[in-house]
Amino acid sequence: MANVRVTRRVHWNSGHRLYRPDWTDEKNQEVFGACANPYGHGHNYEMDVTVAGAIDPETGYVLDLKVLKDLVEDRILSHLDHRNLNVEVPWLEGLNPTTENLVVAIWRRLEDHLPAGVVLERLVLWETPRNYVEYTGG
Amino acid sequence: MANVRVTRRVHWNSGHRLYRPDWTDEKNQEVFGACANPYGHGHNYEMDVTVAGAIDPETGYVLDLKVLKDLVEDRILSHLDHRNLNVEVPWLEGLNPTTENLVVAIWRRLEDHLPAGVVLERLVLWETPRNYVEYTGG
Amino acid sequence: MANVRVTRRVHWNSGHRLYRPDWTDEKNQEVFGACANPYGHGHNYEMDVTVAGAIDPETGYVLDLKVLKDLVEDRILSHLDHRNLNVEVPWLEGLNPTTENLVVAIWRRLEDHLPAGVVLERLVLWETPRNYVEYTGG
Amino acid sequence: MANVRVTRRVHWNSGHRLYRPDWTDEKNQEVFGACANPYGHGHNYEMDVTVAGAIDPETGYVLDLKVLKDLVEDRILSHLDHRNLNVEVPWLEGLNPTTENLVVAIWRRLEDHLPAGVVLERLVLWETPRNYVEYTGG
Amino acid sequence: MANVRVTRRVHWNSGHRLYRPDWTDEKNQEVFGACANPYGHGHNYEMDVTVAGAIDPETGYVLDLKVLKDLVEDRILSHLDHRNLNVEVPWLEGLNPTTENLVVAIWRRLEDHLPAGVVLERLVLWETPRNYVEYTGG
Amino acid sequence: MANVRVTRRVHWNSGHRLYRPDWTDEKNQEVFGACANPYGHGHNYEMDVTVAGAIDPETGYVLDLKVLKDLVEDRILSHLDHRNLNVEVPWLEGLNPTTENLVVAIWRRLEDHLPAGVVLERLVLWETPRNYVEYTGG
């Protein structure tokens, strides 16, 4: 059967600031600018979660999108939505929550939890409508 | 000359339901949920048709987009727009009209009809603003 | 307190065809064109539901958007989503499901069900990304 | 000369949480749900600033959009962008930063600062792609 | 019958520059900035054409959208698309092609050409995704 | 460290016409249609500039997006915005300004100017909301 890629787009809101606790405030401000402001800001994140696999000849699906939606809800959105990424997410602990670090951390939370025969293919994470990061593993 | 990819985005509306005639209603409802509802529903489909080729040094085009637009109109949109995908499209006969099956069937209708030197590279088919399927052949 | 308008955007999919059972097939085709095709087609509907009221000085809300979301889910989306508008919705019975008729019928289902002090102000209903209808009552 | 409305769309990011310091944590959680989470979250805000006036027969403009853009930058965006709305904005002090309260506070910062002959007509403020608030004064 | 508003969104591309032939180049540059550059630039214009009227109880339409689409094509798009607004459009002659002047000129081309019982209600014209002008007559 | 792709979306407006000076007007019109109209038209161009590299373990960035934004502003936007692509851009001289030719010329202006360790990965250039061209080098 043909191999296709299936995507579910999801949405959530988080707070964060970019900074390293081992740097001075001046150094953080110099490197991260307004993103280091101490009281934090936040974003409406959009993410495209793409999986790949053969079409099941019985159903015509690669996978039931409800399975993918529930997986992302359970392992990602329920942890990040309306949360502060610097202090409330155990699996982001010690990471500066840039879009780059965030997309890789999300990948690691998802890659081994897909149904048999389906692989995680690509994540695209928008921090704003003009900036986004893609990760395909590796 | 440089090899680039050129995309035309198209739009149409169809009706469908997901079900297998060889399954009971209960089994269809269990596997496809509301998508199996007997009177059918429908979608505003959006599709990006991407072709690849060398830029023609004479025109600066890979191909005249009007050629691509007319091809997609003739072989795809005129068959699907304002039609029911379960019963009105001979080349979908016997297929459960999931987005996955639909994108592969569209690929097969287009791949051998492009001008010389131009290949079909990728189809991206949105069933809703949050769900889409990609196919690159193979 | 200031009077403001608050909007929730919702999304659903339905099937329909435009036709009058008291007209011949030829007359339906002449007036409604491809929209009258007998096996039906469908749409991804988007709707902006706008309510107006004074800001509650205690909460800073006109109303909790969850109340509005649940009301629209209960009285509209649960009836229309993945349904055929010609045959499966009792409160659309006898209506030709044009966008105009649909938006007025939805208005009537919502206007008397809002919390005290909040009024229905405007509905905007997109049938496709290029066509929409607005209703403000009256 | 004809009277028209001219809009500039702007974008910024802020952090916030919804809560009242005079309520218990339990009461805040009950009324504002996840929006009351203590470490805060944030949004990519989009706002349409609409002004009205007669077309200047000399320039063909109601006003130079650069004037409007600079005014919004100076009086609004430079105060809100990458800031926490609960603690860093003097003119929001004492306000619970709901979208409703925010749009009214922004109106009051802009209404008396437009060039002669131009009036503030409407603000539309999106907190997420699915929720927005409009204010027209009064 | 209920009175509703129906909108068709249209798209075209034009070239233009902002300048007054009776001003010096310096004065044009001072007032219109880069928009006065002598070789011109252009835009992908988007316009929402909104009409209002009672729903026809026979068809469920305010008007057949094909009639509106053909009217806009005939009286507006066929004159503006792929044209230079400074020199190729007789009904824009002598006008500086700002978005404000353009929307009023388009209104005057459409207002008396609608079917009986239908009135032109509103035009919204986007020059860029961040700037738009609205006109409602008067 | 993980290798990710980072994208900045940019926007500008230009004027152009498609034609070859060594062809007759008739031949230009025959091949390029309305795009060859002698007074020119124009577009709101959108472009996604994607770079790839390892995440810097110190900052959590592949690169500071401000560096990418300034590079694109300096080498591309300041040359193209509000300019005519046929006559005002030295590095497009002698090129018919099709989207294909434009994206390759932009690639060549950017590829050797990125910070060490970062490579240009992909350009996607929209000429209209329905037509776009991608280039990945080679």
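Every chain is named by a letter (A, B, C, D, E and F) in the order it is written, and numbering of its residues begins at 1.
Operating definition for what follows: contacts are C-beta pairs under 8 Å (C-beta built on N, C-alpha and C of every residue); 3 or more make two chains touch, one makes a residue touch a chain.
Note that the structure is predicted; figures quoted are calculated from it, not measured.
Least step count on the touch graph, subunit A to subunit E: 2. Overlaying subunit C onto subunit F using CA atoms gives a rotation of 180 degrees, to the nearest 5. In summary, the interface at C-D recurs among the listed pairs A-D, B-F or E-F; the equivalent pair, sharing over half of its contacts by residue number, is B-F. Chain centres here are means of the Cα atoms, and by that rule the chain farthest away from subunit C is F.
Centroids of subunit D and subunit E (each the mean of its C-alpha atoms) stand 29 Å apart. If you average the CA atoms of subunit D and of subunit F, the two centres end up 34 Å from each other.
Along subunit D, residues 129 each make contact with two or more other chains. Viewed as a network of touching protein chains, the structure does not reduce to a path, ring, star or complete graph. Per the contact rule defined earlier, chains pair up in contact as A-B, A-D, A-F, B-C, B-F, C-D, C-E, D-E, E-F.
Of all residues in subunit B, those touching subunit F in their complex are 2-10, 50, 55, 58-62, 64-66. Residues 18, 20, 31-33, 95-101, 103-104, 129-135, 138 of subunit D are the ones that touch subunit C when the two sit in their complex. Partner subunit D is touched in their complex by these residues of subunit A: 11, 13-16, 34-35, 37, 39-44, 81-84, 86-88, 128-129.
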